[in-house]
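Just dropping this structure here.
Note that the chains take the letters A, B, C, D and E in the order they are written out, and that residue 1 is the start of every chain.
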Amino acid sequence: MAEVDLSDAEKIFIKHGVQDNCREDGRGCEDYRHIELETGLLSNTTGSARVRLANTDILAGVKAELGTPSPDKPNKGRLEFFVDCSANATPVFEGRGGEELAAEIGNILTRTYDCPSCFDLEALCIIPEEQCWILYVDVLLLECGGNLFDVASIAVKAALYNTKIPKVTVSRDEGLVELEISDDPYDVQRVEVQSAPCIVTVCKIGHSHVVDASLKEEACCLARLTMGVTERRTVTGVRKEGSGSLDPASLEDMMQTGKRVGELLNKSLMDSLLEEERQGSKKKPVGFLK
Amino acid sequence: MAGLELLSDQGFRIDGRRSHELRKIQCKLGVFSQADGSAYVEQGNTKVLAAVYGPHEIRGSRSKLLQDKVLVNCQYSMATFSTSERKRRPRGDRKSQEMTMHLQQTFNAAILTSLHPRSQIDIFVEVLQSDGGNYCASVNAATLAVIDAGIPMKDYVCACSASYLGDSPIVDINYLEESSGSPEITVAVLPKSEQIVFLEMNGRLHEDNLSKVVDMAVKGCKDVYGVLDRTVREHVSQVGSSLET
Amino acid sequence: MAAPTICVPGQRICRLEETCKQGNGTYPRNGYIYSSLAGYLHTFEDEDGKSLIEVKTQEEQNVVPSVDAIVTTRITNVNPRFCKCLILSVGKIPLREPFRGQIRKEDVRATEKDKVEMYKCFRPGDIVVAKVLSLGDAHSYILSTAENELGVVIATSEAGATLEPISWCKMKCPKTMAEEFRKVAKVQPKYVQYAGT
Amino acid sequence: MPTDSRRINGPEDSFDPSVLLVDKKTREKILRDGKRKDGRKPEQVRPIFLKAGIISQARGSAYIEQNETKVMCAVYGPREVTKKEEFSMKGQLTCEFKFATFSCRVRRQYQQDNEERDYSCQLQDALEPAVRMDKFPKAQVNVYVTVLQNDGSPLAASLTCASVALANAGIEMYDLVVGCSARITPSEVFIDPTESEDYKAENDNEAGNGSVTLGLMPSLNQVSAITSKGEVEFELLNKGTKQCVDVCQKLYPVLQQAVAKAVEDRLSSDHVT
Amino acid sequence: MDIRVSAAAKDRDTRSHVEEIENLVTPGDIITSDSGFMRGHGTYNSEDDRLLASVAGVVERVNKLICVKPLKTRYNGEIGDVVIGRIIEVQQRRWKVETHAKLDSSLLLSSVNLPGGELRRRSEEDEKMMREYLKEGDLISAEVQSVFADGSLSLHTRSLKYGKLGQGTLVQVSPSLIKRRKTHFHHLPCGATIILGNNGYVWICPTETEEMDQTGGYELNLKPVQRSDREVVARLRNCVQLLAAQKMQLYDTSVLYTYEASLNFKIKDILKPEIGLEILEQTQHRLEIEGT
């Protein structure tokens, strides 16, 4: 992650602030910074979204490709995550410098989506054992302002919501299978994301914990908990990271916080996705020209 | 040309342009706040982001340090979703390494490198969507980002491509035209002094036609310059006026 | 020998009271002393009459060079500004794997620093006792020999014999009687004893 | 996944026949008449064999068996950090987790795959809070974990094994780390699941299925690692973590004995020589 | 939770109305063909001896010297500037300091006041103790003492107002947004101190009530800051960020007016776009009326 080296006094100032429920930008411990989001801004993709939270800027693109289902899951399509940390975000990421962070984000995304009940892979299957859709979800990190995991998961969910897979008609002719892919942009299959999880990262700072940590706060945090939370308030993929430890009581508190915030996050995200859909074609694409 | 008519009898190209017309260029300076300079350029459907860091202390091995001038360090990278067929890697392949080198050469020629000895300038380019002319858009975006960072350079560097179709040159070719097998010439120029700082040609072209195509590309560069300069002037005026209050 | 008490990491040893002090291999937490090593409990009386509580492992300890530690090194490379060496042991504890160290020209001796010529102080292969000045950088520890007791202790002459010290800056080859320049350590008897065992 | 170019791999489109087994697709119920397949109660762990100091050339080592799950671990260092990029003034801990090629039902690759890399990170995050990194500035300690046979809960077994190996290596630590896994179903929690009981994303289609692995430093009562898979109800996850904490506390004496035994053994062998 | 659909910024429609400011040049533009002028920053001589611009900005002329000042650059230090920097390396007899300049700045051991006063001899002991005084990550306020041949800066902290910084918060903005003033240290009436470093680093901290001790700030007060002070600091921080985001100049009055205009809103709402614009409009209005 972008290196932030803080002095001891700055760290203490931040720690006491968290304890006081007054963070360096005046937020309380469970407040998010405001998020801006736009979907469908890349025409080369099946679905795309850009999410910006303070300085964190993440672009997610979904590409649907035809492939064969893996032999142990013959009736399911696949979801593949790939994360790239662009050097645009910080020179540290040049060359292979961002790979470790990218792998970390990729692993957590894979883990939170790795449960059949929250993302329907069977809908991506065209012919069992033969043809299925593989959704490549590519996440591009363009700027870092802290809280990358949460923002990445928001971008992924929004991009999946925006995904419009062309309809496929299967016809069998003397045992030969023929696939016909519709090129009508309105004859499409949407991806169901209602139950997909969002990641909430809860950072332990001093004796309290916060959500949506800024870069400086992340530098003060020894242990953080990332958890995927669905709209149904179930939890997918919890994980403690960092070199610190937590006592069982505060672990429970942090999970409670994560669950509470995650529920809200999912709801707000769906609301604004629906809002954008309502604006429909009236809305001009903004992209990076804003 | 496989059933595709790249140039109609009326002289219109596949996207409706005439042979000398550029695609629509939209650009913006200062997209990000953490980089010293950044810019975004859209040329038709090709979309590129550029960020500039520096001049700053040399990072990593100090053996790269140059005593008398600044080290210009570039990276060209393409988002995995930028192409119509998904790319497996954003960078590190031969093509992007070549692009990285070209960018480095181009900007070494344009930046006044002797002003910042012993330091380093990073120019990072990220192609978000590719529809032909990636290198041109990258150079144009990087120029804007360098200007946004306030790094002194001799002149803008503007890049444009051109090809030869039927019996006339066409400018600023898109992906379909690029992949049709017709020759492609990419030129980067310093528009005011009319110096060519980069020139590359792919494909086969009769030598008689070379100068026509190059002229077309250089003309395209000057048109690009017009658009970029207008954007910079607007940006400086807008920000400058709020600075004064 | 009475059966010694075995400790494992995280084991609570005793209350941290006025009468005891927490020593190596332990750490204090919430008013107790805990063990941080797997080993034996040792209690000493120190000068103030307090008992010092330590946990020791039986075999070689895990040590890394620390500031002010005396280390034994072998010179690998000499140039006019500094010489490189491998740290072979820290105090009395030999290392399993060596660490890289560096003695800079200005740290060779305490006086007349600007007259130091590296080639007249160290040669590759010399065994040198030095003190750790600082942890240095990614490459190496910064060492110093700027004390009488520090410097070359074992060296081989060009003829292949072991050199004998004749002054603080010279050594002699017993075979050829040729003199060679070194920054010679005034070897302390305790080191000799240690080398002998 | 990167392919191993130095070895001859099987044909690319070959796969393990076991995936086609019909019985695998219909999941059996874990609990029958209040007992699991191997006769355990839901909250019961498998018998454990744990021994420290089994690899002579390593600084410290340990071996653990939880019935059919077998893991060994070797610790080296503190040694010098050779790669400049990895340099830091603080002490470092590196972990490498590897499934032996023959350890699972499906053959594993020689090179680390994504899952193994992920486990390596988790091991590191779990052990770091326990190790006193300030004791070896500028140097690193390397932990290598090899799973010889995987019959469920490999990460939990590795955690226990690695912390014993670290203690055996004489690395200063605040506490040992005990690992424990639990399988969560919509209605119940099973401690220390076997391979057949464990959560698998491809088979457990219903919501509410998952698993959780926890690392505890018992003496400090601090959780140093927690990781879960699958989509589970919050209350059950909470119940699962609490049970894991309890189990870890119960297992703690086993680890202490193993470490102490190795210290004793070394003493007696020293006396003989 | 506030997730919104990004919409085209309001000012986008108004952008076309912005009139081009006077004497604006962009790289490669000819400033003059008269060879009687001197070449300053942001300009260069072409082969045919005309003076050209090398950056985009407004031409400034002082007598015969012609400069072009770009909107933003790395920090170009001048002797006497007040800067805030972060220690990045402890070297022999000097600290390397990051000041957002083109090269890292240096703070020599001989340019700091060590505990014990001015007259103390600097011994080898001090060299060993350097990390005790200032270590990696520490923030300092300092003054530019001189500029080395390669353009890097040498700093000093030999005044009681400079030295190590304690509890507070740092905001980084572009150096060109800091207006040059006689003083860059301001004890604001709201109970906080703000240091507007010429290098674009802005330090905000609660104003110390008791007299500064004579240790040069090496011993820090690590007691918790009061909630009310903390809120003032947080509000100021958001105001500074707001001004910087809209590219408005930072000086005591502009910061103070923004602060006062923001009092109608919750601290955490200041950075929301529509509220931010409202606050700035009020501030701008007030600045114009009072003609500062």
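By our rule, a residue touches a chain if its C-beta (ideal position, glycine included) is under 8 Å from a C-beta of that chain, and two chains touch if they have at least 3 such contacts.
A quick map from chain label to UniProt name: A = Exosome component 7; B = Exosome complex component RRP41; C = Exosome complex component CSL4; D = Exosome complex component MTR3; E = Exosome complex component RRP4.
Keep in mind that what you see is a predicted model, and the values were worked out from it rather than measured.
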{"item": "Neighbouring chains shared between subunit B and subunit E, ordered by label", "value": "A"}
{"item": "Chain hops separating subunit E from subunit C, counting only touching neighbours", "value": "3"}
{"item": "Reference subunit A (Exosome component 7); chain at largest CA-centroid distance", "value": "C"}
{"item": "Most centrally placed chain - per-chain CA mean versus overall CA mean", "value": "A"}
{"item": "Chain centre separation in whole Å, for subunit C relative to subunit B (CA means)", "value": "59"}
{"item": "Separation of mean Cα positions, subunit C and subunit A (Exosome component 7) [Å, integer]", "value": "52"}
{"item": "Chain centre separation in whole Å, for subunit B relative to subunit A (Exosome component 7) (CA means)", "value": "32"}
{"item": "Where subunit B touches two or more other chains at once, by residue number", "value": "33"}
{"item": "Residues within subunit A (Exosome component 7) bordering two or more other chains", "value": "290"}
{"item": "Residue list for subunit D, restricted to those that touch at least two other chains", "value": "130, 217, 220"}
{"item": "Chain pairs that touch, as defined at the top of this document", "value": "A-B, A-D, A-E, B-E, C-D"}
{"item": "Residue ranges of subunit E in contact with subunit A (Exosome component 7) within the complex", "value": "1-9, 12, 86, 88, 136-139, 164-170, 220, 222, 224-225, 227, 230-231, 233-235, 237-238, 266-268, 270-273"}
{"item": "Touching residues (chain side subunit B, partner subunit E) in the complex", "value": "33, 36-37, 54-57, 112, 116-119, 147-156, 190-193, 229, 232-234, 236-243, 245"}
{"item": "Touching residues on subunit D, where the partner in the complex is subunit C", "value": "59, 77-81, 84, 87, 89, 130, 132, 135-139, 167-176, 217-220, 255-256, 259-260, 262-264, 266-267, 270"}
{"item": "Of subunit D, residues touching subunit A (Exosome component 7) in the complex", "value": "15, 19-20, 114, 117-118, 121-122, 125-126, 128-130, 133, 201-202, 204-210, 212, 217, 220-234, 237-238, 241-242, 245"}
{"item": "In the complex with subunit B, residue positions of subunit E that touch it", "value": "15, 18-21, 24, 26-29, 42, 44, 46, 52, 54-58, 70-74, 102-104, 150-151, 176-177, 245-249, 284, 287-288"}
